[in-house]
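By letter and in written order, the chains are A, B and C; residue numbering begins at 1 in each of them.
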Amino acid sequence: MKGIDLIVQALPLLLRGLAISLEISGLVVALALVAGVLLGAALVYGPLLLRLPIRGFVDLIRGIPMLVLIFFVYYVGPAAGLDLGSFPAAVLALTLFSTAQVAEIVRGALSSIHHGQMEAARAIGMTFPQCLAWVILPQAARRFLPPWINSVTDAVKGSALVSLVGIVDLMQSIQQVIGRTYRPMPFYLLGAVIYFAINYTLSSASRRLEARFADVRE
Amino acid sequence: MPYQLNFTLVWLHFGRLAWGLLLSLELAVLAIFAGTVLGLALALAHVSGGRAVRTAVAAYVECIRNVPLLLLVYLVFYGIPTVIDLRYNAVTSFVVTLSLYAAAYLVEVFRAGLLAVAKGLTDAGKAIGLTAWQRLWHVRLPVMLRIVLPSLSNTFVSLFKDTSVASVLAVPELTYGAQWINFNTFRIIEVYLVVTPMYVVTGYVILGLLRRLERRLAIR
Amino acid sequence: MTDPLVRMVGVTKSFGATKVLDGVDLDVNCGEVVTIIGPSGSGKTTLLRCVNALETYDAGSIRIDGQEVGFRDGPGHRPRRDRELARIRVETGMVFQLFYLFPHLTAVENVMLGLRKVRRMGRVAAREKALHWLDRVGLAARADHLPSQLSGGQQQRVGIARAVAMDPKILLLDEVTSALDPELVGEVLAVVRKLAEEGMTMLVVTHEMGFAREVSDRVVFMDGGRVQIAGAPNEVLRNPSNDRLRAFLARVG
């Protein structure tokens, strides 16, 4: 069968896999954003009792490979009597990893704001939440967005690893199609193109943002 | 039925973990060496080359960096031998893949480093009559390497963690060892309680050693 | 009359739309110390950097011992390539305002690099010569120190040793004391003065009027990319006839 016919035949399967990949990535990014911002803010403004365990958590997660985290979360559930299901387990593992990343990014962005800004905001009578909302976060956003977009591409790339715990994402559908057609190259290349399209769009946006923000001299 | 922690089976097979860790380190070291050579060459080409060269290097970097490592690993191991008459084993395939992957990240590091070398130092090199090649070898590269050492250290630890992907090719590194013990003893919690600190501590040790190297090179 | 060591005729250069050098004529004779003074933007540093081809010039001629610096002999205005320039630069020595010592090399290694790689000296001979020059600038005791372990004045003196050890025909000094703390300026000027007294040919860009007055054979005032006035220090500095020079000296003091 000609290459192009194979691809056309395989397309529905691949698109279903892509949908799963996007669903996983989307969930992970959203959850990690919320959790990461909270943890990151706590790392900068929280009391020592809060900062230490969060620091430990972040360093621990970032010190192990993503694959190890995925395997652990996937296999530990049933063993401990808790049946999570492969999809939630995968999402949980990826979210933990991404949260740790986002927390670091948030920490970096917030602590790069000179403490004089907080002092000046306090001096005009703002409460802590007001300082954050109107003074700190607008400035921190500039230093947060480009690296955060990179963490999004990391999440998309990391989602490919869930194919190893039985989830039929894009990566696994490619493997299945190759298993049936014995023609690896066209499909690996197609998969590469798809991942590239998604991530390149994201990273170009990140670069453009970085360039835009660089114009604003502080 | 509550899970009972039982480490004996893990210790029985600890050799797989220990040797696996060693293999992971070996893979990482090979990849970073090859990746540095390639990455440096590409960075130099980018900095001093014309538009065609710059576009080619940028294309390489973008293609590698935007695709999951897992896909690259499969592509090189399963895909390439079907189009080119080349035979290689899993370890070679993985090292090549990880090296290409490392080079793509290192190009950026080296490029930024080269640009960060003060122009005045190249001028000083010119002033004493050094040729372009001499300036590169005796002035720009030594200064650049000292500038980028922190980024290099972080990249090395990253690559060390990325060696876990080799487990999909049945390369007997640390993650493969952990999964083997998992499948054969069902001691999932215990094995990962052992493997996690192995990864984390090794990462810290690597960083610590490289920080020491940084300090020695800076003051000498 | 012997030809001047360096002869500059009609040197012109623009950076984009800005004309930085507008037809500069200047000669430096063997053994002479010529000091260039003038307001910032007058092109003095650019001119200096043209002499050792760190900058290119668009038109005019700069010849060192008869050899054109920027362009190859023969028809067509063909700029010289890096390899040829490297050979020409061996004949000139430059000391920079910001020192630009190689941070990864010790003082003696900084001086040795050119001796070994360009003059092709062996390691023992190069080290000997480097130590000799470090001693001449008063830093023999600091030979094995890194630049980060030296004060500004000491770094600059190493910079002078690095340039002079190459036995250049002419030494180019680009505001070598401007980046130094006041108390360190003296030690550097003392070294330069000693070299001048020993007959080193120098082209100096400086703000140090005292130096210009006491050590130079000739003072050149540049403004707006041209040589406005040139002559013996006494003529030029004591009773300036030129208005712009008078205004400049009043500002600088």
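Throughout what follows, a contact is a pair of C-beta atoms (placed from the backbone, for glycine too) under 8 Å apart; a residue touches a chain by one contact, two chains touch by 3 or more.
Quick caveat, the model's predicted, so the values are computed rather than measured.
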Touch-based graph of the chains, sorted into line, ring, star, complete or other: line
Contact pairs, highest-scoring chain pair: A-B
Whole-Å gap separating chain B and chain C, where each centre is the average of the chain's CA atoms: 46
Inter-chain centre distance, chain A versus chain C - centres from mean C-alpha coordinates, in Å: 56
Interchain centroid distance [CA atoms averaged], chain A/chain B, Å: 21
Two or more partner chains touched - positions in chain B: none
Of all residues in chain C, the ones touching two or more other chains: none
Chain B residues within the chain A interface of the complex: 1-3, 62-63, 65-72, 74-75, 78-80, 82-83, 161-165, 167-168, 175, 178-179, 182, 186, 188-189, 192, 195-196, 199-200, 203-204
In the complex, chain C residues that touch chain B: 52-54, 82-83, 85-87, 89-90, 92-94, 96, 98, 100-104, 106, 113-114, 117-118, 146, 148, 159, 162-163, 166
Chain B residues within the chain C interface of the complex: 118, 120-121, 123-132, 134, 138-139, 142-143, 146, 217-220
Footprint of chain B on chain A - complex, ascending: 59-60, 63-68, 71-72, 75-76, 79-81, 153, 156-161, 163-164, 171, 174-175, 178, 183-185, 188-189, 191-192, 195-196, 198-200, 203
